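Below, each structure is written out as structure tokens.
Each of the two complexes below includes subunit A, the first together with subunit B, the second together with subunit C.
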Partner chain A sequence: MIGYILRRLLLMIPLVIGITVITFLVMHLAPGKPTDLVTEMQVKVGAEARERLKTLYGLDKPWYVQYFNWLKRLTRLDFGKSFKDDRLVSKKIFERLPATLLLNISSLLLIFSFALPIGIYSAIRQNSLFDKGMTVFVFLGFSVPTFWLALLLMILFGIKLGLLPISGLRSLNWDDLSFLGRTWDIVKHLILPVFISGFTGLAGLSRYSRASMLEVIHQDYIRTARAKGLPEKQVIFKHALRNALIPVVTILGLSLPDLIGGSFIFETIFSYPGMGRLGYEAIMARDYPVVMGVGTIAAFLTLLGNFLADITYAYVDPRIRYR
Partner chain B sequence: MWKIYWRRLKRNKLALSGLSIILFLTILAIFAPLLTPYNPLEQNLLARLSSPSKEHWFGTDDLGRDVFSRIIYGTRISLTVGFVAIGIAIIIGTIIGLISGYFAKKIDLILMRFVDIMLCFPAFFLILMVIAFLEPNIYNVMIVIGLTSWPGLARLVRGECLSIKEREFISAAKILGLSTIRILFVHILPNVLAPVLVSATLGVGSAILIESGLSFLGLGVQPPTPSWGNILTSGKDYIYLAWWLSVFPGLAILITVLAYNLLGEGLRDIFDPRTFEG
Partner chain C sequence: MDEKILEIRNLSVEYYRRKRVIPAVRNVSLEINENETLGIVGESGCGKSTLALAILRLINLNEGKITSGEILFRETDNGKRPSAGEAGITENKDILKLSEEELEKIRGGKIAMVFQDPFTSLNPVIRIGEQIAEVIRIHQLSIIHPPSPLLRFAKQSGRDCGGRANYQLPIKEKVIQILKQVMIAEPERVYNSYPHQLSGGMQQRVMIGMAISTRPKIIIADEPTTALDVTTQKEILELLKFLRKELSMSIVLITHNFGIICEYTDRVIVMYAGEIIEEGEVKKIFSLPLHPYTQALIRSLPKKGEKPSRLSAIPGQVPDMLSLPPGCKFNPRCEKRMNICLSNEPKLLLVNQRKVSCFLYN
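Up next, the complex of A and B:
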């Protein structure tokens, strides 16, 4: 097992390098330089000063030299400094990371705790009203533009009913609140973003666990279990469920790129102080070091999720021999 | 074979409903100038942000433009983006998948590693970055969505190709001395077309979602050209004043994407060899 884990971890290195190379290339092949923002607005800045700025940020060297330097610094976990405010990129990201993790992990919890029961129940009651309702829900879940759903819920719960806050993570009176008050405040701010970012995944996983359960229910060993007179509850929960859950685990890994990619749009809509919004703002401002930093961390989180899913998969399914 | 599929299509409710909605939308897009009561770009500052009424079915926006007309014109954008983007993805994905599956070994290893990288990229981040660094316009949006949507298709085609190339008719074709290109495109390609079609149809839906997301963030179709995504942006800006700016364009996106998903799932049943009947 340890050998397998090590090998999988080593395999992540070329993937991270590949992803960062692509990010770097895209950024540097695009027309326009980050120094334009500083200089184009100010007519007084001459060509000479522009060159000096480029040298200062190392932008005068070819892209592969720049990339190599960046990679070298990365081994010391140094992402460089932001072009915008000269602060350390790693600091900027780690300030925002907890909020993004809080959002994504809560969404994952939401997805798993609702999608599994829904999927399994509709598989057991195939073609029932509940099952048909679920199919409709799944179709809607895949088709609805989630940022639109976010707007609608903001209008309904935030503006018409005034029940939930529609932006940020803390209220204005945060400092005056007691500990319980603060917790409740964060929960209230989280409800809409978590529901929205989990929505597509909820539909996806419900459908997946339904399909997986349906396949297991028609296996011979389930018929055997029933034939030997086991109560239906035991057949479903002991014999079928365990086997149906195995492939569902892999979906955990697959749903991560979507969740993290979604952070960029949802955090912007809800003005949520997370890494996604930081990345979006950095892209808009051509803040190269921050873009690279956010891209790398996002890719790393995705790979880590895939890795954990594979390990869990190997762990729960005795048929898989990790070599 | 395609005759059987056609007969199944006529009996498949999912596919038929999806197809008819898509046809209806296509007609709307083509005949937009005849069907809209107002010019979608015409401003009427006296009728700013007026709620839905007899004159303006879906209300007006912050510049007094008729939202109904803008949504009808937006159909053109969404359908074109979906089609062109997925067209690009199909071409790249199929070629890379065929090459990877047919030649196997080293080429396969390299290409599939690349596909792995693309698949674990948070795609939206990549798209956002490329569009923001290039110029945000509809052409770049189509190209970039196309360039990021092919890896899944490539993997699918590769899988099919791996099993098909072991079949006897391919060995026969080789013995006859047919060129590799001919074998790939005349003998293997038609046999992988069905799953590609299913996944492409579903892909059109997600391409439309991505485009509207980008336009919503101001990185897609640029105003004043109406697109469902950028109408939603003003919906967000006037969220306290004008609910109709948010509700209607989103419904349009939902219906369109739903239609493609219905058609895609329907096609999946139709092409499924396990569905037995005459």
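Up next, the complex of A and C:
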């Protein structure tokens, strides 16, 4: 097992390098230069100044030299400084992390605490009214575009009813609020984004756990459990659930990158100060060090999530042993 | 001996598939006596497994249901059988009318099952020890409660709270004992194993151990050896035979193998297309089968010493339960077919100390 873990971790290195090479290349292929914002857009700055800036940032060298310089710094965990405001990339990312974690952990909790019971109950009462109703709900959850739903809900709750704030994480009067007031303020700001990001996730995961549960309750060992005289509750929760949750573990592992990487769409719509918006703004400004920083972290987390899912798999399913 | 412990009357089971009705078991009546091994034999799809599942109401309600009949289980007080002459308090319960709770006491407690494929019938993520222990626990709990602090106090103060003596043995030791009883060589290791770490034969021993752990009256073994290789088959069947005697219970052995029937059962029921077509003592049926189907089945067994160039087979195909022929269901394949067979259904009648349903005999 330890050998397996080490091997998997070592294999991550070439993968991360590969992903960063591609990100770096694509980023350089995109039209527009980081220097454009301060040069092309401003008449006062001449060609000479632009060249000076390029040299300063090392942009005059070929892309692969730039990449190797970036990689060299990365080995010291140095992501460089933002072109935009000259601040450390790592610092910028750490600033945004709590907000993104707060949003995504809340929505993940929402998704899991509702999707699993819904999925399991639908499976146990297959073809019941509840099950059919949930099928319709899931169909909606999958097909309604979330950005559109987000805008509609913002109009309804934020503007028409005036109940919830529609953007950001804090109100303007944040500094004047008491501790309880601040907590309530954050909760109010979170309701819409959490609901929207939970909505699609809920649909997917409830469908997934329903399918998994349905498959399990038709297995022979469930019939054995009933034949043993176990009460239905124990048949479902002891014998069926443990088997049905095995594939769900994978989903949890795969949601790790979203958890920290954030979502470009939700965060932009809700002007939410998280990682997703940081990445989006950096791409728009061609802020190479920030784009690379966010991208590398996202890549690493995706790989780590996969890896953790595999390890947990072996833990929950005794049939799987890695060597 | 010869006392009825379970009686099935006019049982019918139907499956529903895409709005079509499959009459899997049709109007079956039979009885199981104490201390006997009853064999049920028939081709694939003749309804023998469905019959077995129906006895414990294990038919998946999404797939089918028991449409009519009675399953009477004779329950004696205290789990003790009345000795000859002494009238124990007995009660006939219709399993089909029991509440879910009462049914759970019978399932695994009074009537246990051993299924065909032990690998898929054991829960893959629960250790063997626990899978056996939970049966003991659940059926003990229905009699007395686990040793609560109060009970322990009562014991220390020397009062008997009516707990059974065997409860004092920790469940783990009981499980180990059971594993030894089903001839598992390393019970400690098996106790902590997961099903996939055991061989097929070992898994089936565990299933049997699970079945006998509550000292049931009847074990229904649905093709217990079909998934195993021939040498293991014999070991498992010998084990069942041994345990039946030692624990004095009844066994219903379901198989499609007439050889197994001959060797391990006392009485046999031959099923065809969801019906019983012949029933009687194994020796009599084997030496003189009456129904043409039984005759053909026995003829198709390879004989010892002889080397036939071809195995004799029954012509035609296993009946399609969705479109059964009118009259006797076996008529399309029967070599002694008469005109009446095409229109009328024969009834199961007593002929020569056995029951047979064929117009040749009435």
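In this section, the second predicted complex is superposed on the first by the 312 of 323 C-alpha atoms of A that agree within 3 Å, B and C clash if a C-alpha of one lies under 4 Å from a C-alpha of the other, contacts with A are read in each partner's own complex, and residues count from 1 in each chain.
In this section, a residue touches a chain if its C-beta (ideal position, glycine included) is under 8 Å from a C-beta of that chain, and two chains touch if they have at least 3 such contacts.
Given the structure is predicted, the values throughout are model-derived calculations rather than measurements.
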| item | value |
| --- | --- |
| Superposition on subunit A - do subunit B and subunit C clash or fit | fit |
| Contacts of A:Ser113 with subunit B and subunit C, given as first, second, both or neither | neither |
| Touching partner for A:Pro257 - first (subunit B), second (subunit C), both, neither | first |
| First, second, both or neither for A:Leu303, with subunit B first and subunit C second | first |
| Vertex subunit A, arms to subunit B and subunit C (CA centres, degrees, nearest 10) | 80 |
| Touching partner for A:Leu15 - first (subunit B), second (subunit C), both, neither | first |
| When both partners are placed on the shared chain, which of subunit B and subunit C touches more of subunit A | B |
| Partner chain(s) touched by A:Gly279 [first = subunit B, second = subunit C, both, neither] | first |
| Subunit B versus subunit C as contact partner of A:Phe139, first or second or both or neither | first |
| Touching partner for A:Leu152 - first (subunit B), second (subunit C), both, neither | first |
| Partner chain in contact with A:Arg242 - subunit B first, subunit C second, else both or neither | second |
| Subunit B versus subunit C as contact partner of A:Thr183, first or second or both or neither | neither |
| Nearest Cα pair across subunit B and subunit C, whole Å | 10 |
| Subunit A positions touched by subunit B in one structure and by subunit C in the second | none |
| Subunit B-touching residues of subunit A, taken from the complex the two chains share | 14-15, 18-19, 22-23, 26-27, 30-32, 139-140, 142-145, 147-149, 151-152, 154-155, 159, 257, 260-262, 264-265, 268-269, 279-280, 283-284, 286, 291, 294-295, 298-299, 302-303, 306 |
| Subunit B residues within the subunit A interface of the complex | 113-114, 116-117, 119-126, 128-130, 132-134, 205, 209, 212-213, 216-217, 232, 235-236, 239-240, 243, 246-247, 249-250, 253-254, 257-258, 261-262, 265 |
| Residues of subunit A defined as touching subunit C within the complex | 126-127, 218-221, 223-232, 234, 238-239, 242-243, 246, 316-319 |
| Residues of subunit C touching subunit A in the complex | 53, 56, 58, 60, 62, 100, 104-109, 112-113, 115, 117, 120-126, 134-135, 138-139, 194, 196, 207, 210 |
